[in-house]
Amino acid sequence: MGLQVTEAVEWMKRINEKIHINKEYLTSLDQPIGDGDHGINMARGFQEVSNKITMENYENVAELLKDVAMTLMSKVGGASGPLFGTAFLKMSLVAKGSDTINHDNITRMLEEAVNGVKQRGKAVEGEKTLIDVWSPMVEYFKRVDRFKAGEIAGEAKKAMENTKDIMATKGRAAYFKEKSIGHIDPGAATSFYMFEALSEVIKAGEK
Amino acid sequence: MKKIINNPDRALQEMVEGIAAAYPNEVKQLPETTVIVRKDAPVSNKVGIVSGGGSGHEPAHAGYIGKGMLDAAVSGEVFTSPTPDQVLEAIKAVDSGKGVFLVIKNYTGDVINFDMAAELAEAEGIEVEKVVVNDDVAVEDSSFTTGRRGIAGTVFVHKIAGAIAEQGGSLQEVKAVAEKVVENVRSMGMALTSCIVPAAGKPSFQLEDNEMEIGIGIHGEPGIERKEMATAHEIAKELTEKVLNDRDFSESDVAVMVNGLGATPEMELYIVNKSVQEILKEKGIKVYKTFVGEYMTSLEMAGCSVSLLKLDDEIKSLLNAESSAPAFRI
Amino acid sequence: MKKIINNPDRALQEMVEGIAAAYPNEVKQLPETTVIVRKDAPVSNKVGIVSGGGSGHEPAHAGYIGKGMLDAAVSGEVFTSPTPDQVLEAIKAVDSGKGVFLVIKNYTGDVINFDMAAELAEAEGIEVEKVVVNDDVAVEDSSFTTGRRGIAGTVFVHKIAGAIAEQGGSLQEVKAVAEKVVENVRSMGMALTSCIVPAAGKPSFQLEDNEMEIGIGIHGEPGIERKEMATAHEIAKELTEKVLNDRDFSESDVAVMVNGLGATPEMELYIVNKSVQEILKEKGIKVYKTFVGEYMTSLEMAGCSVSLLKLDDEIKSLLNAESSAPAFRI
Amino acid sequence: MGLQVTEAVEWMKRINEKIHINKEYLTSLDQPIGDGDHGINMARGFQEVSNKITMENYENVAELLKDVAMTLMSKVGGASGPLFGTAFLKMSLVAKGSDTINHDNITRMLEEAVNGVKQRGKAVEGEKTLIDVWSPMVEYFKRVDRFKAGEIAGEAKKAMENTKDIMATKGRAAYFKEKSIGHIDPGAATSFYMFEALSEVIKAGEK
């Protein structure tokens, strides 16, 4: 199976929902090792995404993802806005010409997304950022041979939780050096919700 | 949370409108943006100076717009870097053909968003240069990490880049002197209380009545070290010595900034200043000019920072050059 | 109580020394006093302008010393008028033979102490005149009572009296224009929190999280009315309308001051300013110049005041005249 | 009996003690209807008085009272500094030529003190100020024909407590109009301690 425009729209709306429900939690993750705005930033951005995509009619997922990217870039700000924006923009570029997001192209989409984020953020794996969810997810999708809705969220969750043990070297959390250990990275948490939403949409499509 | 606002979601927009309404002869708001520019922008044959960042640092950055200082200030949501499209609007509005110079504080978000704007502007044929300010000695300087934050010392960069631009300096000349200021400015801050991001509605961290945070940034983030509350003199000593240990200021002429973070009575800033001046005198460092007040704030955070800028003749003369910016008139 | 001080009993003295140390080329402290005067005092052939009051209102009053504004500022203990001997020292230090003008805020203590100083100065052959500022419309104007308080509007009196003195005005001319300003300025304030007098160590009053005080003074005293917390627009409206109801500003040109009491983020002051400007526009009142910032504070009190000054051509030109005072540079 | 220099010095020291003991109480009286500095002001002033008079040797009470007056005027500030300063200055003037403070001259001393305060403060009785203790005390001393240590403090206390029912029209308390009712005037409370100290010194002299 694959995500067509309708399911991809549903994916974004679910992300929006999850972020709104967890807005305070995400912000609270950003307080001890950041500036306490991550949930606010992402909620503002995905609300705009949701408004935007509700008003449009997309012919393909690439167009949809591009709008998501541009909205995040122009409505979020901070570190997360341009970084998630870049991730979705890169996914959109890879998705160009495909009707759906499916297991064949998702690995490449995520791979490009990670590369884009790394370049923009001048960061690599293991620096306690959202990369530490996205990059393991690339590895995961490489490992499996089809969408397994039941696994995706769990994999993302594991990766998110692993950020707890990392000492931050990029982003605001880096200012806290050793003290950043023991806290989940907020951007990683948001990323987890994105993959959790993806797994739910895939599961719904399997029925 | 008690704040004099109407709605956290509209605070940024309304603040920007309130700034524009306060100085209608000096500045204007670019329609449908959070960008404030000099009324006469673009100033012909002058490099445009653009700064900005999250809001909540007022009078930074819009208060520094004026002849001899900034041409534009871009405000993001509270403590959140503005988006590239907003920065791009600012760049376009102040470019007179001589190029635009960006003063960026070293935060991942600011750096990325301003960089993206610069790329977009260059794609439109505007020459853009930038400096990244990282004066905060609380954070270790390292090329493997995010590196140091930009805090109150940024105001000196605004002033001096603005002065040379006003005198007709080229984009490269502006860049060179701005880089010199960045190399020569160091700061260190501390806080007695946290602050409340309006949209969050609660303090970013909690401090007990006998605690203070040393090495604080300007975004309501916790400091590097939590300590027992000390006297003004001990605080001044700790901040100043941290700064002096980081860079050799001996035998130098310096400019001093004792900056309030938002809720510190000016009385306390002057008490700190007394100690700072004594400490510098003891070390044989000559204070050329002192600034005491709120220059780079963190909403209603109580606390202060101390910045030192090492001066040479060029920087002295640029520091003394006329500025009509409401928050830094010289 | 958390404050960046060394000792409440030395806070005043150390603050004064910190001010003198900040601006050694512009001001000097009179030895063994809490008086700060212009470095070049007495300025020959110029009426000397002296103001002052309790400390805790910084940048008032020492921040207003400079060419075109005050010649001397006398600081008392926190919120406590200075004593006559200190005021006398200030008067003597700034008298060039052309007389000395006192700007006094209408508090019993300030009035008595400054009056006594004036008597002592006159006994020494110095001509002294004064004005008593009472701009606070929160308090009823009455000759049977203490009458109205002097609050942020006082800064306009400093500016304009200072400007005419700098231009060579006689003592009587200074007095006449200062009185005109007092007749034409009105203010009203509100607070979200109290403040802590260092020597008291605890807040002067308590406010709940949903309460504000309307009609607040600048000494940490409770306001005239305790109300439920409102929006910035409602607050701006209440303050502005109280001011407008007290004096006919219709069809006038005015100067506006939105003053922070110490701990209010500037963001909030600009949000208030937006509403103030809208309200004035609706009423056909033309804003000639706006000042937003901390001009007359109350230690770390959160809150703001709105002042309106009705202008004529003379006052306009004096308001625009050069001032080199660090806290009011024009 | 009368107060000679030694007893008058003792009077001042007792005032200082009482004010220090009640410094916070006096300040707390000044918080609801003033600016919360009265106890601080008076404690600072009488500490200086105590320091000053300990270092000097007075030949007569007039000299002592003059020093008290000048110290209060130059160390207290606020409304209370020059007003209490004026009161003691006027007492000193009346005391000139007398060896002691006794029942014969105390009435005139207090009367002059009240007049001085009234003139300086542009206030009269019934405005909720320190006058509302001093003025009734003049009346009291006029009524009795000798020092009655047992009565003085009680009379002053009654007068002080009566200020509770007055609506202030002078001083900071006047800003609160009706709301000033129900609070003891801080300057009246300080005045009570002054008379209480006086009665104690007289009582000690009677033994």
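Letters are used for the chains, namely A, B, C and D, taken in the order the chains are written, and counting of residues starts over at 1 for each.
Keep in mind that, in the parts below, contacts are C-beta pairs under 8 Å (C-beta built on N, C-alpha and C of every residue); 3 or more make two chains touch, one makes a residue touch a chain.
Computed from a predicted model, the values in this text were never measured in an experiment.
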Between chain C and chain A, distance of the C-alpha-averaged centres to the nearest whole Å: 54
Cα-centroid distance, chain A relative to chain B, in whole angstrom: 32
Whole-Å gap separating chain A and chain D, where each centre is the average of the chain's CA atoms: 75
Overlap residues in chain B, where contacts from two or more other chains coincide: 78
Chain contact graph, described as a line, ring, star, complete graph or other shape: line
All chain pairs that touch each other: A-B, B-C, C-D
Partner chain A, residues of chain B touching it in the complex: 54, 76-85, 107-109, 112-113, 116, 138-140, 144-146, 149, 197, 199-200, 204-205, 217, 219-222, 224
Contact footprint of chain C on chain D as seen in their complex: 27, 31-37, 40-41, 44, 73-83, 120-121, 169-172, 174-177
Touching residues (chain side chain B, partner chain C) in the complex: 1-7, 11, 14-19, 21-23, 55-56, 58-59, 63, 78, 192-193, 195, 209, 212, 229, 231-233, 235, 258, 262-274, 277, 290-294, 297, 299-300, 302-304, 326-327, 329-330
